[in-house]
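Order as written gives the chain letters A, B, C and D; numbering starts at 1 within each chain.
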């Protein structure tokens, strides 16, 4: 079934080409089907070689790839159903569908790609097409979010490009292998972290994320936050020498970065009022958590086999849950009927994200425990515990905001609702399928205090609304961006004050040159030759020439 | 004269003869002129096909004509010539179709197409020139043949642009001439030789060789638009779109870049040039040009001007590739010769389409053109994304190999240049794409042409950019396939670095 | 009858007949032109085969008798004069429309040609004097054919300058005769010693010729004289008459008096040449009329030829010297052909527009594509762009300069090239404006084609197919 | 001695004529000066024809004769042109 692999990327591309046709509005819903089929049917660890394609293409699925392909395809399918229904007949709906399918194609392709160039191809396609999703709404806020997203994404892509070139040079080929990655130099690793770190929302490269994910339409937000940010982790797991050699310094660095991300995203998320922004910060925080874990893996190669599988599980859980949250939020905003059901679903998902027992979150957390246990610093477990607490609080905040959301009833939400229900089912079944019963309980220790704390906060804000107002919305989405925006303004002001000088200088120079040119060319030339036609002048010159000649002959 | 020596001559004549004949064609004879044009272009393509086959199989094609004692006109085809010849032949055909569509209703068509063909003849001559004097001859002929094309419109602006073009290129030509003669006086008459022919000159000539390199580089740099010799390029944007396309993608700019490649590889020899410390100079100049061109492009509102500065920047990738020691960087630079050509010609075709169909000349007028002309804008997008280096479009392949080569040669700073350049490229191309696709279209276009074919514009204007855009995509997608530009360039690099 | 004698006598005879039957001047003149050209071709063919020819007139041998000689050098110039004279003559046959003008033109024209041929073929100093005088007289008379006051004044000045030059030359010849008792070029050449008498003689002869060749800074007469003459006459004046004087300078300096030439003297000539290149080109650039431009360009071209002298000085006989001399000839020939083409084209422009003010030529240039093409081709040859013969000449000149370490001439040439490009393209740019174009390329074949062919010969012919010329000049292709 | 005297006189005549030719503005005077220069050269030629006891060298004589013819025709042409110029100027 290897032939399914090329289809994974080609099919959505074909869809993007065909979707402008009015009758094919439903194509986004079916774009990820070959990927789903491939994830289930394609044999593991065998690859399809296409040496003539690009710089030599190798497609294939390994264990991690299959997990990724599975949850990515699932999420894209559900989101695709939402997108197709939501955008049908809307203004620019077809444009949205094109970019949606392009981003889908890139996302799926980079998972099945086993060589650097195709990974980059998928990554770039996904990154650029997402821009179209982010700015779809066309409001000034959307455009700003898109601009920030694009600038940072391009920085990331360029850094990734440099990293990939360095890795390719190191490998001597474009197909990476664990052995080949041994001894990778620091520049490559640094660039790789930088390049993918943007996509992952690693602090301080995250400010685009809380802006862009909420700006996109719901279906796009779901895949952005659910599927697309996860590819950074995939890239790291594939291209860093994990399990080959210990890189303690880099491990420390990543751990620190993860902690910083966690510590930054959770509090900032708590004071947001837009549910999508809250979810976006939650994603940033989760990525921070994953980066932290990756740091541990990088420092200790022995953890690799177990750790990679655990991370895969965790990522799959988060992708489905976060995607589900976004999509549910969409239903909450738009669908008229069955709102209690939607709220119940959202509650379930929020619980799962907080890691409540019997949810996928519990299983994922359980899987990741050994990694935590081996962390370099003992207090990391504490920090992670605190973050879990904060996550619970964040989810409570989300539910609170989601309950009070203003609804705009729209017809025709049966199919997306059903699809969402399916997704809920998958999330619910997640622990049953993938986790041993021992892991179902998880770690309620952080959940219960969290819930209690949330209730406490609720009470407090009820009693003193001013207290809530003092915090809510004090930090704008994109936090750090607010700090550097004045820098940009100063630079602009500086340029504005300097520009006239420069321009004046240039104009002066140009005017001087023009004057010179006029002096040389424009005025009718006075005829200096007139002199050369006077006989005495001719005679003098002539005789002088003769004298010189004679002297020269006799010299 | 044997068949083997006839082929290069025939390739030049296949555009020269139609070109001269076109001058005599009456202005109203559309059909005859079109026939001559297409016959020439197709013949050339067929001949080039034979040439590719022959050179691949190791045949030697060479024609010699003694001009004076010690001065020979040599036409010969090696793998590098074939690369450039095929590019010119292919793009000439496409551009001819486009030009016929573009200029069908403007005056002075016979003159235009005559010089158009002469221009291509000179370009092909440059590609096939087998020694430095022949190169110089065709290089100057190219200047001559291009001048009327730049001045073609006859507006004061056009004449001024052409004058500036001429001032630059002729000055460059003089530098090139003196350099070439000086070199010949040291080395004696020599053909281009893979690996260079100067390395056995005595140490005493070291200073002279450096000075000669500087002279030759100055001469070639004018056409290749190396900063600070690039001033003519944006000015010559007044020419009709097919001319700009040809100028930027195939003829003038490329001739300069091709000359630099010849100079480094087949005159000095890359290792000898490295030993003389000349590659650093070239690399620095190329890097400066790459960044400066992009920065200037950012500030341009005129679409063609922006593209022109983009050319300034992009063509220096070729020089950059030549300035890095090692086969991989050579591949990157040489393949960009082709890749930049097809991408830039696509962009110019599209710019011409906007101008001709909608009267849109400025970036600020491009709001919503994607809705009015989706196919053209699609082609434009492909070209622009390729320039940025997004895979799987051709430009990515060039950048990839340049980067690999730079690391191989321990020149990590090149990566930084590539990264900065990509970002700058994105900064001046993506806003255009944004406007074209996402902004609402205005109620009325500046000057919409009443002639409209079955599609968004006339067929002769629409097909060429679509075809070249497809080339851009295929050159990248099938980079590793046999007979792709990349594979051909690898053949050259293998021969240069045995 | 020998070919050498024919080349001189046929035009003379033609001139005589045209004078006798003024009504038939034109057909007679054209027939004589054709025959003269054939005779020239015959001479060239014989030189091609035999290497050098010598004819003792009346059987009197030197030192008493008069000899006609031809070698590759003179044959080349003979060929140049045949081509230019034939082309210009053909052109003149429609340019002068009235019988009266034709009757005045043709005898003088054929006389001029006879003088030129005799000058190129003369083997002794005195014959050279006579031909120089004859050349000066006919040239001035032809130049004044237009009979406007400007033309008369300019050509009267030209005549007087020419007379001064001839007399000075004659004084030099007298000194030669005092010193050596013979006037035969070959014999004198063998007897030359580096003494004050020979030096003075050469200085005097050079002075005289410098006036006629319009060597900078003695060129003041040239521009008005050439610019005011009728177009075919200007073509011949610029392409041939001035070159003839230079031909003689070259003959004396490179051949007869070679042992006398010191580096200083050669450098002085080079310096004057450099001045001519720069000043002439600059004046051409600033000229407001097309024909004035062409005339100043002639000044510059003569200067460029002078640059060969310092490089040839001290170069021992051998392949290198032969090549450089051949390059000199090639350059002179290219200039001659190109300049005649330029003047003929300028004449057409002038006639079509009614004036030749460059600034106002736009529409005219557009209406005459073939003529504009001629201007372009001739211009390319004047600049020295490839593939013109001047390019090859320039190449060899620069190569020699670099090899001999005299790089400053290269700088002069580079500047001259750029300046000449500037003035040529200043004219050509007028061809590009928004006026409508005519349907056809050539509108009047009999006037446009000779000019076009001459320019084409300069650009493509002498550039790409110069091998016969090298062979004629005895340079083995290496 | 005599030849030297003649030669000296010839040179002197030539110089005198030259002076006049360069300095005098009027055409007629210029032409007279030109003829004086010519006479100077002819003097010189005749002076060198002297060969002591032998009959004089015929070559310089031939030269002088030809020279005179040339000088006369040149003078005539110059006069004709000068006259025509004068007439044209009168018309203006």
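To be clear about the criterion, contacts are C-beta pairs under 8 Å (C-beta built on N, C-alpha and C of every residue); 3 or more make two chains touch, one makes a residue touch a chain.
All of these numbers come straight from a predicted model, not from anything done at the bench.
S.K.: Specify the chain pair with the maximum number of C-beta contact pairs.
M.R.: Result: the chain pair B-C has the most contacts.
S.K.: Can you work out the whole-Å distance between the CA centroids of chain A and chain D?
M.R.: Here the centre of chain D sits 101 Å away from the centre of chain A.
S.K.: Quick check: how many Å separate the C-alpha centres of chain A and chain B?
M.R.: Centre-to-centre distance between chain A and chain B: 37 Å.
S.K.: Just how far, in Å, is the C-alpha centre of chain D from the one of chain C?
M.R.: So the centroids are 28 Å from each other.
S.K.: With chain centres taken as the means of their Cα atoms, state the distance from chain B to chain C in Å.
M.R.: 42
S.K.: What positions in chain A touch 2 or more of the other chains?
M.R.: Chain A, residues with two or more chain partners: 538.
S.K.: Note the residues in chain C that touch 2 or more other chains, in rising order.
M.R.: Within chain C, no residue contacts more than one other chain.
S.K.: Where in chain D do residues touch two or more of the other chains?
M.R.: Residue numbers touching two or more other chains: 18, 21.
S.K.: Using the contact rule from the top, write out all pairs of chains that touch.
M.R.: Listed by label, chains in contact pair as A-B, A-C, A-D, B-C, C-D.
S.K.: Over in the complex, which chain C residues touch chain B? Could you list them?
M.R.: Residues in contact with chain B: 319, 323, 326-327, 330, 369, 373, 376, 380, 383, 385-387, 391-392, 394-396, 398-399, 402-403, 410, 414, 417-418, 421-422, 425, 428-429, 431-441, 463-464, 466-467, 470, 475-478.
S.K.: Please output the residues of chain A touching chain B within their complex, sorted ascending.
M.R.: Spelled out, the residues of chain A in touch with chain B are 51-56, 95, 117, 120-121, 124-125, 128, 132, 135, 138, 150, 154-155, 158-159, 161-162, 165-166, 168-169, 187.
S.K.: Considering only the defined contacts, which chain A positions touch chain D in the complex?
M.R.: Listed in rising order, the residues are 535-536, 538-539.
S.K.: Which chain D residues qualify as touching chain A in the complex?
M.R.: Per the touch definition, chain D meets chain A at residues 18, 21-23, 25.
S.K.: So in the complex, which bits of chain C are touching chain D?
M.R.: Its residues touching chain D are 63-64, 126, 129-130, 133-134, 136-137, 140-141, 144, 147-149, 152-153, 155-156, 159-160, 163-164, 166-167, 170-171, 173-174, 177-178, 183.
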